[in-house]
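For reference, chains read A, B, C and D in written order, and residue numbers begin at 1 within each chain.
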Amino acid sequence: MVPLSYYLVLSAIMLCIGIYGVLARRNAILILLSVEIMLNAVNINFIAFSRFVTPNTIVGQIYTIFAMAAGAAEIGVGLAIILLIYRGRETVNVDEVNLLKW
Amino acid sequence: MSGQMVAFFIIGFFLLSGALYIVSTRNIMHAVFMHLLTMSFVAAVYILLYAEFIAAMQVLIYAGAMTTMVIFALMLTRTQSSPEGMRTAVDNQQKGLAFLTAAGFLAILLFVVTREKWVPLEGVAKSTGSVSHMGGIIFSAYVLPFELISVLLLAALVGVVVLTRKEN
Amino acid sequence: MNAYLINYYYVAAFAIVGGLFGGLLLTVAKIFRPNKVSREKLLPYECGMEPFSGGWSQHTTRFYVFALLFLIFDVEIAFLYPWATVFRRFGVTSLVEMFLFIFVLLVGLIYAWRKGVLRWL
Amino acid sequence: MAVALPFLTALGLIILVLMNIVFFMWAEFKIAGRVVDRYGPMETGRFHGWLQPVADIVKFLNKEDIVPAQADKLVFFIAPFVGFIPMVMCLVVIPYTYTLVVRNLDIGAFFIIALSSFTFVSLIMGGWASSNKYSLLGAFRAAGQLLSYELPLGLAIAGVVMLSATLNLSGIVANQTVWNIVLQPIGFLVFMVAMQAELQRSPFDLAVAESELVAGFSVEYSGMRFALFQLGEFFGLWALASLAVILFLGGWRGPFLPGVVWFFIKFYAIFIFLAFSRVSIPRVRPDQLMTLGWKVLLPAGLANIFITSILIVTVPDYKLPLAVCGFVILVFSLIFMRRALK
């Protein structure tokens, strides 16, 4: 049986990989993919806690289902916004979208 | 080492290397395809955690549907994903800073995770996440979030239809 | 090992054997097949004409909207299965809950329909 | 031994299914030939061309394997596997009789639906890696088609799950005292149509359309790699046809004969239906394809769920009303479908 802390370490590493991706990428779609990695790290945490801390009410699994549905909405709208930016400015690089920056 | 442990390390290795590949490759399409594999390995982690329904959902929604959607969105842009745009950089100049931030965050997290003693609240596991068990909980205690999810999805759909419509 | 883990051990075994089997087929083919490359053979196949403008083409946003619709109804299906296994237990209440959910998503589908994104060109 | 057993099972099952697929290929030639009033293959192997599929395999084996110079070699190599491996994994859950099943997963039906969503990514991978704009376009159209029809497939399964209150495939068969085709006529029709679209078989092969287009996403694939894509499709056919038998035709249930015989009688009935529909229905147009998927099958699947759930909850003895209701609505929806596809 794999102890809980192993899963937590796994998801911590995954989360930090995602953070690195979000900070280091300039292509908006790659940033979204990195956000997905972070989201999945969180979901692994939810399910690991659900398995080891509240195994009978499986609250974590239910939360994960809702997180997935919310993630679906998030990536759909996120990509649509990126497409809109691309249509206006011919780029998906976030450092070139600086209209509101001074 | 038990079989579960071996499986965990194999899955964890592929999962983390897939995630690293996504954040480090220069080829966006490769990143998206690797997203498919990484999400499948996340599903494998869920299976190790006895959440088989969530694992199937993960494959269906994250691996299948989202990857397809990201690819469809990528094909609408002609930047780093197309052959001629492949030469422009996909990373910004703050890679070192980003690495430091991520490493610092990781150090804090590892410190917390390894220091804490995690106690089960409900004793030994009696049930795994069977579909009907889960359904019973969603449709009794979590009805409101469930209905709100539908509104959220509706908002996303309407938003996308509005955002992607051609002005003519 | 309990039955659950054995189940997924089998699933993993099928995945591995499937991969190895595919690899075996390709390897066997590699032994038998001829290998005479020429420049023309390695060009992209465009009905015998010289390829033009690279291997890339842009598409309409329609594909994207279809993918999003698919994603949204996929989420719905993922909720539908747990509901289908328990709805008898809760009777009419659960019917109302699920119908409300589906109805809200149907509003979205009808909206997309009326806006003409379900039309193919 | 216990460690190696799953691997041996997998290998054995793959080979068994492959032998069946060889027979499928021959049977499909012969049925297609008879329907259009020809013989089909006659020469190879003397007796009614029974060696024709073997000849085809030999042809695949010694065909030159061309990878375009500009192609992305790695993705080009991986793409057929992404289509093939999930379909092999589907074999785990299919019960042929109550005991003759590899493993009886609790999420049975959902497992197959989830795994089949790998297919469209594999098509896009193949189409993109070829670095050919026609294969990319073909891959997109194929993926659009597959994802449009995966939803009706899932909804049709949900109707059956409501009747049996379990996703476990053996459990679904055990609950079918009356075959579900009687109780779920709309679901069965939706499933059969969506299944053909999922498998990209002929009324719905417009993205591949080997007689008109240059074979869609697989333009650049040749030899054994192409065969691997095809093999993935055939394993998908195996999984979905078995699913149709299990969900709607009562699985191994039947009088006199042993269960496994009944299963394969029903399985081959489905297969013959597919082979007939392949040669007798003209290919649909792309606009008809999308109309059928989103404006006919998806609402029909949802309506089926509405009717089924309302009747189950409100009427104590729901079986007869369900069958009558389903049949009546089926007739109306068929009329509507004729109008919608004009």
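For this structure, a couple of remarks:
The criterion applied here is as follows: a contact is a pair of C-beta atoms (placed from the backbone, for glycine too) under 8 Å apart; a residue touches a chain by one contact, two chains touch by 3 or more.
Keep in mind it's a predicted model, so treat the numbers as computed, not measured.
Ranked by how close its mean Cα position lies to the mean of all protein Cα atoms, the top chain is C.
Interface comparison, B-D versus A-C: the higher count of C-beta contacts falls to B-D.
The mean-CA centres of subunit B and subunit D are about 29 angstrom from one another, to the nearest whole unit. Chain centres here are Cα means. That of subunit A falls 21 Å from that of subunit C. If you average the Cα atoms of subunit A and of subunit B, the two centres end up 6 Å apart. Remark: subunit C and subunit D have CA centroids separated by 13 Å (rounded to whole angstrom).
The set of subunit A residues that touch two or more partner chains comprises 65, 68-69, 72-73, 76, 79-80, 83.
Counting partner chains per residue, subunit C shows two or more touched chains at residues 9, 12, 54-56, 59, 61, 63-64, 66-72, 74-75, 77-79, 81, 84-87, 102, 109. In subunit B, the residues that reach two or more other chains under the touch definition are 4, 50, 52-53, 57, 60-61, 64-66, 68-69, 72-73, 75-76, 83, 131-132, 134, 138, 146, 149, 153, 156-157, 160, 164. Under the contact rule defined at the top, the touching pairs of chains are A-B, A-C, B-C, B-D, C-D. Looking at the complex, you find that subunit C touches subunit D at residues 6-7, 9-19, 21-22, 25-26, 28-30, 32-37, 39, 41-47, 51, 53-57, 59, 63, 66-67, 69-70, 73-74, 77, 80-81, 84-88, 91-92, 95, 98-99, 102, 106, 109, 113, 118-121. Those residues of subunit D that touch subunit C in the complex are listed here as 6-7, 9-11, 13-14, 60-70, 80-81, 84-85, 87-89, 91-92, 102-105, 110, 113, 130-134, 136-137, 140, 144, 147-148, 150-151, 154-155, 158, 161-162, 165-167, 214, 219-220, 223-225, 227-228, 231, 286-287, 289-291, 294-295, 298, 302, 305-306, 309-310, 312-314.
Taken together, the subunit C residues at the contact with subunit A in this complex read 61, 64, 68, 71-72, 74-75, 78-79.
Subunit A meets subunit C in the complex at residues 65, 68-69, 72-73, 76, 79-80, 83. Residues 1, 4-5, 8-9, 12, 54-56, 58-59, 61, 63-72, 74-79, 81-87, 89-90, 94, 97, 100-102, 104-105, 107-109, 111-112, 115, 117 of subunit C touch subunit B in their complex.
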